[in-house]
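Shared chain: subunit A. Partners: subunit B in the first complex, subunit C in the second.
Up next is the complex of A and B:
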């Protein structure tokens, strides 16, 4: 899909009475070809605020102990509380609180020692209570930030995290031909972490970069499984445009977008739509829009939503949520019954940014290479290979992992690097053989495949199959000398083309090739051709000069 | 800071002492001298005059309709509903005469309690039959509800 249709458009600013009309270059493009499309209009500054709903991967739901599972027969994972049967009360899940605290710490937030729950009232069939239990005024974590890399790591940007709150997910509704809606409450009550950013992101590209980094962090700390197809990571985008950086225009909200590509499309489309409206003299309406996955357009909802008044009120059935730290937990009789923030901080694993930094610093990998390993949780495998064989070139190791190890994992349907049939130590041994010219590239690949099939150590495989190449300088030199001598006797013309000043010319290459062919024949193909080529060239140079 | 115990006020004037002068704190309010409770023994009526209240809130019919939408209730007579609502708001206006300066809002009477954290184990759910028992309309194990908020389709954005 070709994006370019340049148009010169004559346009007046709304309200710009007496101003000269200005000609603007407007680039129109098809939304679905995102790679080459760039919004080219410097007068409008877009602002994007994001609200991410990440499902907590706990066993049971947030306020009830019904099971948290995606695929299940309809309404089979619903407790009485989830169905809002009278006489039921919420009981909070400790694991959900722990994961929210963990997420808050990973995003540099201040964990609130006391937080409260509120009710957010609105009527919808998939929410039987008529309200959602959330944390509106006093969430569990506030005032964090996240640094995220853009432009292949060369630019690092920062976004403020306003707050992280615990809240309930709603059930699922399926619309049948505009006649009825079918409700499945399996998802009703599942724990969500709502992560709210300040409106600081200024483009679709930045938004996606931020979300990818956030996603990577949540995966790494294990608080969300991030299965996009199951709706475990949903994003609401609040998009507005303004002419000055300090002002904020009317915002339009697009809810429940899943998938990074879609998020990019939505934000770009919406910015473009708002710019077009304003430049045609209209006013952007404050509304909530839906997103059409197929076309990439945002569309207005059918029922023009009445201005929602959520009538927030404190949840009367839930006392304050306390979390503790090392000093306050000592006074408790049962410390394991509460969450200790200091303990959670100690248990936090290394975050993707730190891992990438370590790989780049210690092994001089590029950002893209480091990101590749980190995103697939393969950094430890890589590091172990490098530690077993210090002399190896990190890029060679990386290439090998990228091409052969990944191919193997795909073929054998392995989900994590720990399941790889070739351990890091074995791969190091294999690559060391290659590095020392004891085997050539072709044999290396063969050894790798054999190692997968037989689970044997590469050294053993090479030995058993007698794949070791002759590569020590002395032997090779003798063999080449013999071959050259033989050729000079039998076929002097073969070597005549060699020109020491032009070793890469066709004739020179041909000469070398003849020598190598003979050596290979003599050694039953055991000669390491790379080494032999170098040696042959040196010998032929020497012969010419002597 | 002065406190409201009527007996102690009388005492204070008489002895000019600081016996009952204590900081107003939410849980430690105790007049040691007479050991009187916070709760008076006989009902104490304070008359609030109409002039002390702010002006009566008058609702427009639009606002009444808005409240109807939010609460999903509907009276037959909109004007009657308007009167009821305005009187209800008026009744609640007496709360505005209480001075709440420097007083922390009481979020819950359970403020000294701590939320109990349950272990993450599955013990409920599993029976769709039970959950659907009270439903008026069921279709293949789904609750049936009227059509909800659906997005506009092609017709809208084609004109864009």
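Up next is the complex of A and C:
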């Protein structure tokens, strides 16, 4: 490791004097004329291709043993190699390769048994080598595809995945006030998977739907932590418009967008900007633009105005990267030391689409409900609740998870459902009590909160607190009859307003309420009011008609 | 100088003396420091490790180590922890690494004493050890130590000239150099020492500051083949920090005192009979072929048809990798940094001031070759030619492919002439000199095969003439055996320089 002092002196420098933010504004398209633009939009076919930079959640960096971790003190996770100290050499991190292979498999790619690394040259202060090690010509995975549901789940679309390449992330430049640039190399050399799609997406909505599906897959297979605010899932969008489907227009690249909402806005904005230019008789320039998070505009990036020549060349310090399969691995003396693609395929978990399908089919959840559970890794919890208590209505269970379980996890800052204080089994018991009218909704909520605090079984909580309600029909009928009789004797007017034809009238309700109040009083508040209400209504109806 | 100069003795016998306490490590170090001082005018060292630091180290050392405090030197492009590593360049004038190269660490771990860092052409780009920030290194042969003439001396050869001179004068028992196109073998031949360029991947490059990653290999310079073998056995093997090193174990090389060459087939590459080769060298070459033949080896003429393209191919590949490798020197994290200006301005200024003309020239050429529009025309083509040269050499060594093959070692000149005088050499451009002197050495780097330069006799001008042997990949055993045979046969005498 480089001593932090060395880096602080030499790297956290008040230098690069005069280095200005690399964005300048060129021309802003005014969003307020949206109405106008929408009218013209139909004549244009937008095409979007996406490049996703997903940070691999490996322990250490792609080519060095420095830790991969966010929010560490600046330049504290920098090995000699990451700082481009002369004489250091890259050593591939097998874990990154494994995760790229898994990702490739999940995206239906053909995994390349041999892939190569290249150097991509450009001078940028947060890229200390003066080049990025990437896979330009022979990436680890090629020719895949992904089926993704549109936002409401009504249609499933398909996008071709051109390739997945392993590459290094750059460091971070922080342009401070006072024209000083500070460099933090903690991120420099962290492994990225660049996932490149074919230009096949035709709207901002579809692009987001695709990205969400992709994101869900990466989360599910555990190859990327996906913290958007930390830049672990960044998107470059190539956007063009044309009048015919067969012809592509000049493409504009918008770089480095994080967050689905932003991506949606960028694509929407850029499509409109391009239409506006063309409609006004202009020509869309092939350029690289950046998204300005503050204004919501895309702006031309001055640095890249001149077309970069990256002067690619093979990385000479890394031998070809080999992965194996069941048949080729047998010839090796130490098969456990290599990546076996077949083994990785067998180890892949169920992917979100399958899980959603299962939830929809077996429990008749809606797409949105199924997606909700899947995205939060809660499907097993849900399924377990349902298995413990077959009678429960899946939507009721889903609602309980959505309302109460999630609220509890947020309150206790729990990151996964496994940490939840109320197990699926316990929730099932609780919901059964509710289902059987042994407790009402209010008590159910109270029991849930108590279960979180005391970690006791709901049955026990209800038992010990004597919260169980009188809901048995015979007993309730008896109690209600008694109450009606009492009222008739003591306060005959109380029931006189009840009208069997209009049970929802104010007077009828008032009458029912009086009965219930008395029953509650007589039972020390243990009556299940819902059941009592039904019974009372029936009794009163009977009395009137008889 | 005493008549039995212990500093000129073979490593193995000095180790014996240390073991038997005929001499102490301290005494050996004192003498070596004296020698470094005596030969200061040769300018072999960029920096010398403080005497007290080393004495402290060797007193702590318990003599049970393999190298028992034996002094050695390292070319100044190998990273050495807490010791400046300049690459003889203004760019790294004040650069002090925080780690040591694997090969250096292996030597110090084995108990060797690092005396200092030796001179080279800036970033190892050159064949003379003349393009250095500390000035040129001078060849001790025919050098007037008493009345040095500023112009009239012979060059040491390069780029590992400092290491060759340190070994030739007894300022070190052995030294590390780096060989990318001949940078160990050429100065070894000019200075009359043995210089081994091992198989690519048999020695770790971790910590060696890159010139051409796909050809660089740490090399060993010593005064006799046995010493080279001894050090090679310490250094060879896999290094997890260098992914291009050999996987698995490397066999230790064992050479007999008087090895036989009866079972060997010695190839004479006919394309190496260039018109520029001096008659003295041709004559020496013929003599050596006869010696092999007379001792039972089968000597055959072989063809390496793509030899003539090697120079231009090497030039393109070398410049491309140089352009890439030098991109890191932007003055931000380390190295020379100019003041002021915008970032790009600062880069440009720092690099312009930090690199000499020859380095800048190669960077410019390399970037040109790598441009998208030129890549296929130059870089890709050069890679293809490299493959042809590799195939040539592979075929020659391949035992199973019939005629013109099945050779164990190739016997060839190292270069076209003996060491030239500085005044003639200095008139030519760096690139011309490279073309002239690297012509017979580059092929080994292109193919990755091991090669060695062995001093054989003196020229009429009393300068060393050396010959080169090459073997197939990881066949150091055969190579060093043939080298030992040649050494025995030639009985080359290390001179007593008149310090």
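Just so it is clear, the second predicted complex is superposed on the first by the 497 of 546 C-alpha atoms of A that agree within 3 Å, B and C clash if a C-alpha of one lies under 4 Å from a C-alpha of the other, contacts with A are read in each partner's own complex, and residues count from 1 in each chain.
Rule of thumb we're sticking to: a residue touches a chain if its C-beta (ideal position, glycine included) is under 8 Å from a C-beta of that chain, and two chains touch if they have at least 3 such contacts.
Bear in mind that the values here come from a model prediction, so they are computed numbers and not experimental data.
Visitor: Examine A:84 and indicate which partner it touches, taking first as subunit B and second as subunit C; both and neither are also allowed.
Guide: Touch status of A:84: second partner only.
Visitor: Which partner chains sit in contact with A:505 here, subunit B, subunit C, both or neither? Use first/second/both/neither.
Guide: neither
Visitor: Count the residues of subunit A touched by subunit B and by subunit C, then name the partner with the higher count.
Guide: After superposition, B is the partner touching more of subunit A.
Visitor: So in the superposed three-chain picture, is A:309 touching just subunit B, just subunit C, both, or none of them (first/second/both/neither)?
Guide: Once the two structures are laid over each other on A, A:309 reaches both partners.
Visitor: Quick one: is A:92 in contact with subunit B, with subunit C, with both, or with neither? Answer first, second, both or neither.
Guide: So A:92 meets both subunit B and subunit C here.
Visitor: Looking at the overlay, what does A:182 touch: subunit B (first), subunit C (second), both, or neither?
Guide: first
Visitor: Examine A:76 and indicate which partner it touches, taking first as subunit B and second as subunit C; both and neither are also allowed.
Guide: first
Visitor: With both complexes overlaid on chain A, does A:436 touch subunit B (first), subunit C (second), both or neither?
Guide: It touches nothing on subunit B or subunit C.
Visitor: Once the shared chain is lined up, is A:337 touching subunit B (first), subunit C (second), both, or neither of them?
Guide: A:337 contacts subunit B only, not subunit C.
Visitor: Give one of first, second, both or neither to describe whether A:496 is in contact with subunit B, with subunit C, with both, or with none.
Guide: Neither partner.
Visitor: Taking the stated contact definition, name every residue in subunit A that is touched by subunit B in one complex and by subunit C in the other, in rising order.
Guide: 80, 83, 85, 91-92, 121, 123, 125, 181, 183, 309, 311, 316, 318-319
Visitor: Can you list the subunit B residues touching subunit A in their complex?
Guide: Residues 66, 69-70, 72, 107-108, 110-111, 113-128, 131-132, 134, 139-153, 156-157, 160 of subunit B touch subunit A in their complex.
Visitor: Which positions of subunit A touch subunit B when the two form their complex?
Guide: Counting only subunit A, the residues touching subunit B are 58-60, 64-67, 73-83, 85, 91-97, 116, 121, 123-125, 173-175, 178-185, 273, 276, 290, 292, 295, 297, 299-303, 305-307, 309, 311, 314, 316, 318-322, 337-339.
Visitor: Where on subunit C is subunit A touching in the complex?
Guide: Its residues touching subunit A are 78-79, 85, 87, 92, 95, 97-99, 101, 205-210, 212-214, 240-244, 320-321, 323-324, 326-328, 330, 332-334, 337, 340-344, 346-347, 367, 370-372, 375, 379.
Visitor: Can you tell me which positions in subunit A touch subunit C when the two form their complex?
Guide: Against subunit C, the touching part of subunit A is residues 2-3, 6-7, 10-11, 13, 15-19, 80, 83-92, 119, 121, 123, 125, 128-131, 181, 183, 309-313, 316-319.
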